[in-house]
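Note that the chains are named A, B, C and D in the order they appear, and that numbering of residues resets to 1 at the start of each chain.
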């Protein structure tokens, strides 16, 4: 499989705080890469370097290279809106914008100048189906997105990021607030989605990483300690710290 | 797309600079009109002389400075006990619902026009003071009470905000150690909110120093050094407002010079409030 | 065996929300009991009803009884200040007051009327020694507690409870803000303290519960699903829901 | 060991009394003015012109003057204030420049209205030759209420949760699109409240109006006309003892207007909050 994203010697600082320390990692096309590690180990910050969402926080310094399809996304002149359309993101807390389900999904396409009503409706149906949400909401597309249950909201957020037709999807602990049933629905959706997209999943739940991840990277205090296939990491980790984490000695 | 974004940012920057421009313009114009007379009379002659008789060319504003100081001090004395009890009670003892209702109502006090406050001083306090304490009515005491009430909402509202900004975990921590609410307030909450409350008080002082119309109506406006709380005095602000519409030449310049003194006082008070607020940022 | 704490048919409501449902539980003296369960299941609420700190939240209503040393703590004649002295609490994030180290520790004794310097000094030394802070902090009594590291702050919070003369220590996810090494040190401390105190700890980390506690209770949506010796809970749970949680199907 | 609880009870009572006095003063002022003034107020008082310097007749020109003057002030101050707050909260990180702007705003907020009056008088009335006019008054008042609008809008914009911005940006929105489509709508209640508070402040202002807009008792026909606001009218009636009766009447209208404006701001804030959260 070819590499979709190549990360070379990535360092990230918030003010003087060294958040990510010399990360080297290749993310393959159409895989699910899970990133695991205890709180404050830099997982979320890492994810947010991939669509440059860290840039909006002040006092961020970054060095190294991130190549998306061979192009350095930190190169001068890269259009951030363009990058973020290619690399979609789903947050830990489901954040529907305070508008209807329909409006939530077409928010992104509209910003990009899609105005045809037919096209928008088609997008809404397609993305809601991909996120396994269509059947539950097709009769109430114009009710507020904030009225859905937590699990539905999160699937709405996934659908919303699909509406931009991205190539990569970043998920930041998407199931942390959800019950087992909603969690398994989302995991099921991810499994389908990886046929079309490259998925990077940050999760606190090591068992989830084992269930859905093709490859796993273990982060600790800004270092990437270990990277490998799920089977390998969860059965015979090379590093003592990885083992400690997987067996729950942390946090 | 990119250039449009930059244009917007630049436009907003220009707008954001407007407050600075306005502040500088105010300083510039007041100085230009008032500075010449100060230079002629000398800072000492202007600020430290009690003789104010524009017709004779005597421009000393010490009496007005003293008047302003008395009234401001009085206003703070009237205001502090009320505003602090109000703030502590609403922040620490009342339910969020009561606080949510009463805080806007108290802030409404700030919305009542100052001329109405002055008027209340005339119709309510003048007779009371005449009947029970003697004197004519217009006095330091009247002005202090009314100004004290006027600055109540400023201090109360800022104090409530500072008390509410104290992390809830401190309250939980203290109460879970078996402290009473009052012990919690005295030993933890007030020390933590101290700086915010102090800068609120300073802003209140600023309002009292700057108030004009209400003071004209109730302070008596005599240019004398007061000997008792029942003496009438004139404040710096009243001096400007009373004489501006007929003043010309040196006299007019002297009124602008009074404005300079006021302006500088307010800026100094603001710097103090700022410094306190910044020094208070311990987390 | 006489129980230190007994919860009898305990229900808690926040307004219309039924936060705890008919809980029955007995806790013996000088044991560590862990409460586990997904977020929002009511474990913190349960902890907070034991020293009645929950009453700070508006619209809290309680049914049933909590007995400490056979006395109903919700009896109208209960001295709530003495109750909170007896059952000290340590919170999720360290909440040292913005005062000096010394003033933080003596805070409890002072609000309960101890004024003599010599007596206070003795209490400070004793509680700092018990939390392994004495050697590091004895020269820093006048320093602001907020200038300490998070770990020290949390240990100081525990010391503050010890200084109070508590018999029961309630800990609400005390390690969630701390890194792995610190976590282990706090856990060791708890095991040491068990000799003299009755400890209840709320944690989202099952391994932590397994490491430190004698008994564990699993909670879900306001119910106490299962409570038993910790080893039994983790090896042979009786309830399907407990098993789901322990095997990581949640969150 | 009864002592701490005893003290708590005593302090609670003392603080309660302080609170009660404060609230009582407010209600007393409002009650007193309304009690004396409502008798004077009728449609004729509202809609007719004053006669004999205000000894008789109504206050219609003052109502018009008040409305026009505050409108001008708001139209000038709103774009400046909201623009500044957007710049401060969205476009810069904390820096020397922002702290200078903030300090300038705080100073501007503290400057007494008499100083604004002097300044407006020299700059607009004399130097720019606008005379005592609605335009001079409106500009000066706009400067005075600018800090209020900046502060409330900035607070409102800051209280919009960051994740809304992040969602919009991560969906490929530009910064400006994000501000216009997500941030401003969510912050609208706070911004509107700030504007309404600005209106309230311009209605109560007296010193500035006398210095820059004058006090001519006529219905203004252009922005270059002088006008008299209700506050100024009330001040003149009361201070010169022209007519206590009509003074109470004018004060009643003033107080009712302020109450209505505040109630409206409150209502609007809650309505919009319900809509957007």
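Operating definition for what follows: a contact is a pair of C-beta atoms (placed from the backbone, for glycine too) under 8 Å apart; a residue touches a chain by one contact, two chains touch by 3 or more.
These numbers were taken from a predicted model, which means no experiment stands behind them.
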Seminar exercise, completed: Contacting subunit A as well as subunit B are chains C, D
Exercise. Ranking chain pairs by contacts, what comes out on top?
Worked result: B-D
Problem set entry | Intercentroid distance (Cα basis), subunit D paired with subunit A, Å | 47
Problem set entry | Separation of mean Cα positions, subunit D and subunit B [Å, integer] | 17
Exercise. Roughly how far is subunit C from subunit D, going centre to centre by Cα mean, in whole Å?
Worked result: 50
Exercise. Which positions in subunit B touch two or more other chains at once?
Worked result: 1, 179-180, 183
For this session: Mark out which residues of subunit D touch at least two other chains, giving numbers and ranges.
Result: 4-5, 174
Seminar exercise, completed: Going by residue number, subunit A touches two or more other chains at 81
For this session: Write out the stretch or stretches of subunit C touching subunit D in their complex.
Result: 81-82, 111-113
Exercise. Touching subunit C in the complex: which residues of subunit D?
Worked result: 1, 3-5
Problem set entry | Residue ranges of subunit B touching subunit D (in the complex, touch as defined) | 1, 4-5, 8-9, 11-13, 15-20, 22-23, 25-26, 29-30, 33, 81-86, 88-90, 93, 102, 104-106, 108-109, 111-120, 122, 124, 149, 152, 156, 179-183, 185, 203, 206-207, 209-213, 216-217, 237, 240-241, 244, 255-256, 259, 262-263, 266-267, 269-270, 273-274
Exercise. Which of the residues in subunit A come into contact with subunit C in the complex?
Worked result: 38-40, 175-180, 183-184, 204-208, 221, 244-245, 247-251
Seminar exercise, completed: In the complex, the residues of subunit B that touch subunit C are 95-97, 167, 169-180, 183, 187-188, 191-192, 282-283
